[in-house]
Structure formats: structure tokens, C-alpha cells
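Just below sit the structures, each encoded as C-alpha cells.
Shared between the two complexes below is chain A, which has chain B as its partner in the first and chain C in the second.
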Partner chain A sequence: MKRLAAGLLIALALAMVAGQFLVPARYDQQFRESTDALPGGDHPLGTDELGRDRAARLLAGARVSLLLAPAASVLAIALAAMLGLSAGWFGGWWDRVVTTLIDLMISVPIFLVLITARAVLPLNVSPISSVMITFLLLGLLGWAGSARVIRGACQTHLNSDYILRALASGSSRTRILLVHLLPNLWPVLRTQFILAVPGFILDEANLSLLGLGVAEPLPSLGSLLKELTHLPSSANWVGLAAPALLLAITVGAFEFLLPPKEGAS
Partner chain B sequence: MKFLILLMAGTLLAADPVILKMCLRSEPKTFHPLKADEEASETVRFLTAGTLLKINRKTQLPEPSLAAKWKTADGGKTVKFELREGLQFSDGTPFTAEDVVYTFQQVAAIRSGFTDSLRQGEATPVATVTGKHEVTVRFAELTPGWERLIDGLGMMSAKSPLGEKAVMGAFMVADHKPGQYIALGRNPHYWVRDAQGKALPKVDQIRLDITANRDLEVLRFKRGEVHMINKVEPDIYQALATQMPEAVRNAGVSFESEQLWFNQAGKAPIPAYKLEWFRSPVFRRAVSESIQRADLAKIAMKGLAVPGVGPVSPGNTVWFNQKLTADVYAPTVALEKLKKAGFQKKSDGLYDAGGHRVEFSIVTNAGNKTRERLAAMIQADLGEIGIRVNMVTLDFPSLLERITRGFNYEACLLGFTNVDQDPNGQMNVWLSSGATHAWSPNQAKPETAWEAEIDKLMKAQARTVVLAKRKEMFDRVQAIVHEQAPFLYLVHKNVLTAVHPSVRNSLVTVLFPHVFSNAEQIELQGLGTYRTAR
Partner chain C sequence: MATLALTGLAAATLLRVAPGFDVEASELDGRTSAETLRQMRAARAGEQDILSFYGRYLQGALRGDLGKSRSYEVPVMGLIRERLPVTLRLIALGLAGAWTLALLFALANVAWPGLNTGLNLLTAGMLSVPAGLVALLILIGQGPVALGLAIALFPKLFSYSRGLFQQNAGAGYALAARARGLSAGRYLGRYVVWPAGPALLAILGLSVNAAFGGAILLETICDLPGVGQLALQAALARDLPLLVGMTLFVGALTVSANAVTDLASLYLVRSRSGQ
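Now for the complex of A and B:
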């Protein structure tokens, strides 16, 4: 299964890199005589309402989202791990500071922060810069929930019998952290990462309401997923459902590919 | 026992009230007829208020209402209204000439957008009783198009204890649950009869549910829980046309347009070289000629619009300048003009004489799929002549902040809602001192010769009574706007509405309100089915 997952991800990565050679048109080329076309010879997944090739847009959107969303997730989980782990490990006043910070981040509407960010950003930003800024902001602002989970898990492990036994047997704190605690927290980090990827992809799509996120003509998986709302009135369910299928396959492949949830003890 | 049987029989035989249901997209700010300034309040005013005359929404011409006839004198400054006799307000208070005088006194006393439009400076029209059923209204200045103002002036009772709640329209406010609904009941004293002499209105009640969510409104319409939608977007219209073809109504070209303009405000925090492009009519015309308007109408508007011509849409049959046509798509010609103006097309794009890459952003409001499609198509069209366009969607408050206060934007794509047939309603847009003179508002004095000419023409037509002369002057305004292209008119949208198959007699019109201008004549059919739709 692992091999299949790896194969799928490699195939996807190749398709994303060589996408422009696999599809008949650029993602922004408008075939205005063939709008909303059904899948066929010229357009394997049909065209969208402006006549743009859906397959080309899917590959371009996947390239944007599947590179930047995991990157943002890595950033968010790294921040979450650093703060959650340190809060759980050191406890005391630092734990209170981090917990307050987490509560603050969760309680402050993230959209307000993003509206402020949009207000200070220049308008003339290229579509790719815009989407990169968005994922960077998502990564920087999206760590709080994961940090709370990681802090809780860290505290649970620190109070568990195996850590107490390790302490009693004279293990150093560094050894306990690196050999016992981190490997056991790995499943938590892994799950948080896997949950964050599709979350960030969808967040990016919603952020277009604030003028952040991907801008025309660049597609993203999120913006393509939003077109699913047209499904009831469209005959091209293949073209509309393809982004959701691709996202499900990718997230599923990550799930199989990453090391298993069972940690060392 | 006999009483009980009669009571039961009465209960069984009593018909359910016939309720016509529609949605308002926001809570009305007021029920006062003189204070209604926004669409929700204007809807309630339209359905409840009685006026001296009415603009026929189909012919777009005035016709008698509470006044059986009228006559102008003094070169158009004075209007003598002859009132109908024996009319009553909704609470039974008689309608008299004193009520008309009282209403005009209230216009003088109340400050609102509507009353401001009836004033000329600080002077308000003065009404005096000149006969038992006759009132003479004297305007301080010539007021061309006064009929459309009187069309919105709901008569108020001077004597009724209910004050402004006593109305002369077909309906009256019967119940109001803030945030939920407004129920308009039948006015028992409404004076108009149908062709067979039967009392109007034909429905017992109009229920206006307050629903900001358009998707929910459409869903309820499909279920028969809402009978009419006054305005639907092209996407929704198309979806409805597939699912309920008998329900969609296209009234034709509206007064509304989608337009693009460049920021020419001197205080705009944008680079000087960009301001120079935007202030150049050659640049603006070249951009205009590089946009395929026919495609915009066909694709972005789903074929439910016509290519944009100018400030007045072809739907405004009285004021449209027939000599104007939409700009023809001619990118080669546009590029030639730009080259003559010092621009240069290189392999990677267009550059100005100073070596700056021609690139600008277009802001529009987020969440409007139609505008996003328009912007994406314009982006592609301008890309053909080497202009790089960055599209930015902003939430509406941020967008308004940028285009009206900070002026921190380069180009904007937005639609202007114009429900007023008369050019005087657009004064704030065309006068260079106007706050909605979008490309460079609030000018102390006109910045260009053509803006000065427009100022002069707009003021002159406002002082002229003869329609033909006014039309001549406003035709020239339209021609100047076409030549100078401060606004690039992209498309004129159609009036798209939805009327449930259970509704009979609904008159769909280009003028507001699009589906219920004859609300008192509307009937519901198939009551067994649709009465239950509450």
C-alpha cells in the first residue's frame, strides 16, 4: 500500500511539473467558443464557464496548492510543536504564557487579522505572490489549535508510567525528550499535519473573499473545489468533481506514506 | 347548539387569507414615506403610499392617481392638481386638499435623501389650496422631471390620529417582526377598482420576509414559499431557467451597467506615471477598444446583457442617445494609437515612453461571480495588447474605503445602480464637484475642459423644461463621455426576475419595482396548492 501511495504521489508530482506538456492548453487560455464544454477529445475534463481547459487548470491548481499547503502546514506544525512541547515540558509560568497565547490566537477572529494584512499589502501583487503570501500567513496564524493538542499530549506523556520509570532509572532529561517523548508525539504531529493540509487548501479558497489567496487567472485546488457548488446544475460532473478526487487521493496517499501512528516507547 | 353548528360551519367555510410572499434583502430603515431612501423602505413605500400621480412602469410616462388631472403653468414652475373626490386614508380619514398641503409642509420639515431631491437648495415646493379639490404646487425653480419626484411622494394625513401610518396605497403595514417579516394587509379604503368594478387589491396580504441570503430566497422560491423575486443574478436566472422555465422573466435591458474606470484623482497614492496613463484619453480609449464587449455579454453575463454603450442604457427609451454604439473590438487599432502616444509593445508586454511596464490592478467586490468573470475576461483581452492586469477582489467596505476615501486603487470594476430615468438623478455622478464623480470626485473646479463642458450642460438641462432641448443637451453629455471614456461601459444588464407559476397578472417592467408595480392586480392561482406555502 505504501508503494502505491508513493507511486501516486510521484505520478502527481510529475504531472504537476510536466503538466503543461500533458494538456492541450495553458490554464488561462480562454476558448470562448467552447464554454462549459463537456469532457472530450480537445478538453479531457471539459472547460469552465470562461472556456478554460479544466484539466490544465486542475494541474496548475494542484501545483499551487499541493506545494504550498503542505509547506504552510509544516510551518504551522513546527510552530505548534515548538510552543506546545515547550509549554508541556517546562510547565509553570511559561505554560501559562503559551496557553494564554493559544487562547488569544483562537479567540481573535483570524479573518480580522487577514483583513488587516490585505489592507497593508499592495494591490499590484502577481497572482503567484498573492497565493504565496496567503499560505505564509495561514502557516504563521494557523498553529494555535495544533499547539493546544500537542501541549496536552506532551503533559499526558510526561505523567505516564514509562516516563516516570525512565526518570527513576536515571535517564537524562535530554534523553527522555529525544528518545521517549518525541517519538511518542510523532503520531500527534503527523495527524495534525495531515489535517492541516486540506484545511489550508480550503482556507485559501475562502480567503479570496478578503482579496487574499489565489487571484485570477491562476487556479488553486481550493478555488476549483468551490466550483462544486455548480454540480447540481452542471452536466460536467467529472470535470467539477476531479479536484475533490485529486485532493482525496493526495491526502489519502500522505496518510499511507507517512510513518505509522504507533510511536516507540 | 345552533350557534355551535353555525360557528363550525363558518370555520369550515372561511377561506384562508391569500398571501403573496416576497423577500426583502434587508430590514427597512423606516416606514415613513418621506424618509425612505433605501430599497427595502422604498418597497414598503411603493406598496403602501398613495401619490398624486404615478409613473406607468411600462410606458415610463406619468398617469393620474390621487389627482385626476393636472396642469402646468408659469413656464413649468407651477402645477395645479385636481384631486379625486370621496377618497379616504386606510383608517377612514377623508383625503382632502389640506392633506396635500400638509405633505408638502412635511417635505420642508424633514431632511432625507428623498426630501432633498424635492428641494432646490433650501427652497421647498409650496402647496396651497386653490379650490375645494384643487391644490397648486409652486416650485422655487424650474424642476424638469418633477413628475418622477411626485411619483414617490406618499400623501400623509393632516388629521388622522395614526399619523404617517394612515396611507392611501393598496396595502398598509399590518404587522412587523424586526429581522423576520413585514406583513402588509389590505387597505379597506383603497379607492381603485378593477375592470369589473371589484375592490382591489386582489390578495389579502403581502408578506415580506427579511432574508439577506439569496440562495435561501431561491430555495424557498423553488419550494413555492416565496412567490416572486424582484431581481436575480444571471447565474441564478440560468439555473432557474433550467429547473423552472415557466418562472423566469427577462424584462429586457435595465438602466444598470457594469463599468470600469481608472483612478484619476490627483491625491491618489499611485505612481505619477500611472496617473499620467489613466488621465490620458488615448490610453482609456485604447483600453476600451481592446475589450470584447460582445463576449462579456455572451459569456460573463450568460447572454443576459447587451454590450455597454454609455451612461444611459438602451433600456431608457426616453434618454438614450441613439447615435452612440458600443465600442468595436479593435486591438490593432488600439495598439497603433498607443504607439503614437509613445507606448511600445515588446515581446514581454507593453511599455510606456518612460520604460515602465504597463501593468495595473483592477479592484472589484469579492463574492460577485459575474464581476469576477468580467474581470478575468478583461484581463485576457488586455493581455493581447501587452497590458498586464492584476485582479484584486476586496470585501465591500474595504473597496468603498479605497474608492471613496483613500483613493488607493488603480482601476475599479463596479456596477452603478440607476433606477432614475431622468438625468437629473445622475447629477452627483456627472458634476465634477460630485462625490460620486468616481474617477476624480469632489473637484473644486473642473480639472479638464470636457468635464467643464459636462458641468455646463448638466446644469443647463436642469434649468430647461422642454424635453427635446434637455435631450439634446444630455445627448451631448453622453457623446462626451463616450469620447473621453472616464467610465468604460462594459455591459448593460437585463432585468431578470422570477415569478412563481401560481402568480397571475404580474407586470414585469424595466423600472423599479420590476415584478410588483401592479401589486394590487396580482392574483394567486391554484390556491389549494399555494395557500399552504407559508
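Now for the complex of A and C:
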């Protein structure tokens, strides 16, 4: 299953890169003579009400979501690692500060924090700026759960026999950090990263559905979902449902990439 | 309490530093007189210093006064009181549905391990769908909104419950009891579900938090006039008193829910260890 999931994600990445060769149009190019067209030769998924090629928009949307969600995850995990590791390493008052910060972030529904933070920033910005704002916010606000896990893992390792032996044999704190602790925390960081990516893709989708995500005309997998509201009155259900299907497959593939224990919990 | 106070302060600070906070569209209207402009700015003067604003606000909150909404021009407490029943009903029904399904499926999976692959695929599929999409589908299908919340909450609750049940089912004492011929019902009840009680209670507290997050999406997309929809409207209108009130109120509810379930969990652990 893991191999299938990895294969799917690689195929999707290749389709994104080769997107401009797979479909003949840009995501914002209008074909005014064929608006709301059904899937056919020129437009494999048809066109939207503005005459834009749905397949081109789907590939562009996938590119936005799949490039920026990992970028947001890198930011979130870097923050989580800095805070969690330093809290576990230094302990004392700094540990209490970080723990309070984590409690603060977790005590309020994260989606309430996200919409508040997104809404206080300008909404009428360029599409590129909206992408940057959305994913920066996701990265800056999505670190708390991972920081708690990393702090816990750091404390477990610091109290373990092998660290105590290293200390007893005269290893410096720098050496313990760089040679013993960080390599052993690497699997935790990697798992937290893989966990965060699908979460951020879903968060972006939810924000876009509320009109707080990526701005038009740039598509994202989330913003394309809004067109599902036309489903009852449209004959092009394939073109309308394709973003939802691609989103589910992408996020599902990330779920299957997780190690079994984390996937089950 | 400290977490709650800090949460409100963070929300107020965020709003205060937001671009355009101190500007109202009506101020740009050329017909607005200088006197009206002066009065509008004087009305907002108290919100300039975030700490003094928040200090006065907390004093009022302790008396049950959460201030007056700038966009609705009515007391915040009245707005919350008016919309709260809708949200509480949605959350109660959504949580009840999600927990019932999660526990039933988790138990079925422990009783029949052959279901594992199918349930793994189902959970992965449901985890891959954003709550907003569930809300859209409920809107299109004109289904009950609480069902949407239950669907959105189910996969994680199921995963946690199943993990706990499987852990208990694989414990040495449980396997020994089963090997001695204990009936399936007693084995599941006494050795699988009962020991998971404290952990399930702790997850129940956390699920209230998640339910509020889901309620914002479902109420907004399905146009249900609850607290979740009000939260988005407050954020979009940059209505500082309403947003801080909402944040404090939702924070208080989720923190209380967590505290109650934590205490119940602790009580359960202590009462069992005393047996």
C-alpha cells in the first residue's frame, strides 16, 4: 500500500510538471466561444462558466496545493522542532513557557484561529500573495501538536540509558545533541512532516471554501471544490467532481505513507 | 483560566495590529460630516491601547458583559445567547453520531479482525475529505447538518478508539481470560472497552474542540445561524469586541469540556484503583 501511495504521489508530481504539455491551455485562458463545455477532445474535463479549461485549472491547482503544503509543513515542523527540542533540552522556565504556548494553541479550535488570522490580513491581494499568506499562516499556526510530540520524544531520549552513558563517559552537551539526540529524533520529525502535509492541504481547502484561501484566478484544489455547488444543475459532473477526487487521492496517499502505528492512532 | 485570558489577549492583539483595523468604510463616504467622523473615532478610542482595552473588557466579562458588537450594534452576549442553542444542538448531535459509529465500528473491528483492511480504507478515505467538502455535499443533498459533523468527526474518533481497543485486546491478561473460555461479550465489555474508559473520556474532551472547528465550516456553508457562522462573520467584519467575546466564549466551553472529561477520567482511574 505504501508503494502504491508513493507511486501515486510521484505520478501526480510528474503530471504537475508536465501539465503544460498534457493540456493545451493556461489555467486562466478563456475560451469564450465554449463556456460550460462538456468533456471532449479539446478540453478533457470541459470548461467552467468563464470558458477556462478545467483540466488546466485542476493541474495548476494541484501544483499550488502540492508545492506549498510541504513548504508550510517544513515551516511548521522547523518551528515545532525549535520549540519542542529547546523545551525538552533546557527544561525549567523555558519548558513551562513553551508548554503554555502549546496549550494556548491547542485550547482554541485551530480553525477559529486560522480564520481569525487570515481575516485580519488583507483579502483583496494578488493571487500569488494570497497563496503566500495562506500557506505562511498554516505553517506559522500549525506547529503546536508536533511541538508537543517532539518535546515528549526529546525528554524520553534525554532520560534514556544511552544518553546517560554518553554523559557519564564525558561527552559534551553539543556532541550529545548533534551525534545522539538529533539523529534519533529524525524519524519523529519525518513522521510529523508527513502527518502535517495532508492536514495543510485539507486546511487550505477549507479556507478556500470560505473564500479565505487562494485568490482567483489562481486555482488550488480547495478553491476548485467551490464549483461543486453547480453539481445539481450541471451535466459535467466529471469535471466538477475531479478536484474532489484528486484531493481525496492525494491526501489519502499521504495517509498511507505514514508508518502503521501513527496511521492507526 | 490563564490559558483563556491569554487566548483572548492574543485574539485582541491580532485584530488590533491588522491592517485597516482603525478604518471604517463609512468614514470614506464624502457625505459623513466632520462631527460624525469625530464621534465615530471617539467611540473607537478606547480600543487603541490593546492592554487597557483588554483590561476593561475582562472586568466587564466577569460581570457577564462582553461589550457591544461593532458590526451588529447589539450586546455580544445577546448575540451569542441567541445563536448558541443552534451550535450546541449541532455539536451534541454530531458528537453523539460520531462517537456511536466510532465505538461500534471499533468494537466490530476487534471482534472480527478480518474487517481491518476494509475499515482502514474507509478511514483513510474519510480522513482524505475536508470537512468543507462534507458540508458542501450535505448542502447539495439537503441532508441533516449534524450528519455532516458526525461524518467529519468519525474517522479520527474511530482510529483512536480502535487503537485503544486493539491494545487492550492484545494484553496478556485479556488473552489469558479469553483462553480460559470467557464469552465474547464479557471479554469485549470487561477486558477491551472498560479499561479504555479513562482514555476515551480524555478524547471526548478533545473531540468537543474539533466539533467547534467543524461547526464553523458546516454552519457557514449550510447557512445555519449558529456561533460558528457568527465567528466567521466577526472575523471578516473585524469586529473586535465580538471576536474577542467569541474566542473567550468558545475557549471557555472547550477548556471546560476538557476539564470535565479530565476530572471524570481521573475519577474513573482512582475509583478503579481503589477497587
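To be clear about the criterion, the second predicted complex is superposed on the first by the 163 of 265 C-alpha atoms of A that agree within 3 Å, B and C clash if a C-alpha of one lies under 4 Å from a C-alpha of the other, contacts with A are read in each partner's own complex, and residues count from 1 in each chain.
Note that in this section a contact is a pair of C-beta atoms (placed from the backbone, for glycine too) under 8 Å apart; a residue touches a chain by one contact, two chains touch by 3 or more.
The structure presented is a predicted model; accordingly, all values stated were derived computationally and were not measured.
Peer 1: Quick one: classify A:138 as touching chain B (first), chain C (second), both or neither.
Peer 2: neither
Peer 1: Of the two partner chains, chain B (first) and chain C (second), which one does A:104 touch, if any: first, second, both, or neither?
Peer 2: Only chain C is touched by A:104; chain B is not.
Peer 1: For A:79, using the defined touch cut-off, is the partner it touches chain B, chain C, both, or neither? Pick first, second, both or neither.
Peer 2: neither
Peer 1: Which partner, chain B or chain C, is in contact with more residues of chain A?
Peer 2: Between chain B and chain C, C touches the greater number of residues in chain A.
Peer 1: Does chain B (first) or chain C (second) touch A:30, or do both, or does neither?
Peer 2: Touch status of A:30: first partner only.
Peer 1: Figure out whether A:119 sits in contact with chain B (first) or chain C (second), or with both, or with neither.
Peer 2: After superposing on A, A:119 lies in contact with both chain B and chain C.
Peer 1: For A:50, using the defined touch cut-off, is the partner it touches chain B, chain C, both, or neither? Pick first, second, both or neither.
Peer 2: A:50 contacts chain B only, not chain C.
Peer 1: Take the contacts of chain A with chain B and those with chain C, and give the residues found in both.
Peer 2: Residues common to the chain A contacts of chain C and of chain B are 115, 118-119, 209-210, 232, listed in rising order.
Peer 1: Going by the contact rule set out above, which residues of chain A touch chain C in the complex?
Peer 2: These residues of chain A touch chain C: 100, 103-104, 106-112, 115-122, 198, 202-203, 205-206, 209-210, 222, 225-226, 228-229, 231-232, 244, 247-252, 255-256, 263-265.
Peer 1: Can you list the chain C residues touching chain A in their complex?
Peer 2: 2-4, 6-7, 10-11, 14-15, 17-21, 120, 124-125, 127-133, 135-137, 139-140, 159-160, 162-163, 166, 209-210, 212-214, 216-217, 220-221, 231-232, 235-236, 238, 243, 246-247, 250-251, 254-255, 258
Peer 1: Residue numbers of chain B touching chain A in their complex, please.
Peer 2: 238-239, 242-243, 292, 295, 298-300, 359-361, 363, 366-367, 372-373, 375-377, 379-380, 390-395, 398, 408-410
Peer 1: Using the touch rule from the top, collect the residues of chain A that touch chain B in their complex.
Peer 2: Within the complex, chain A contacts chain B at residues 28, 30, 32, 35, 49-51, 115, 118-119, 123-127, 208-211, 215-217, 232-233.
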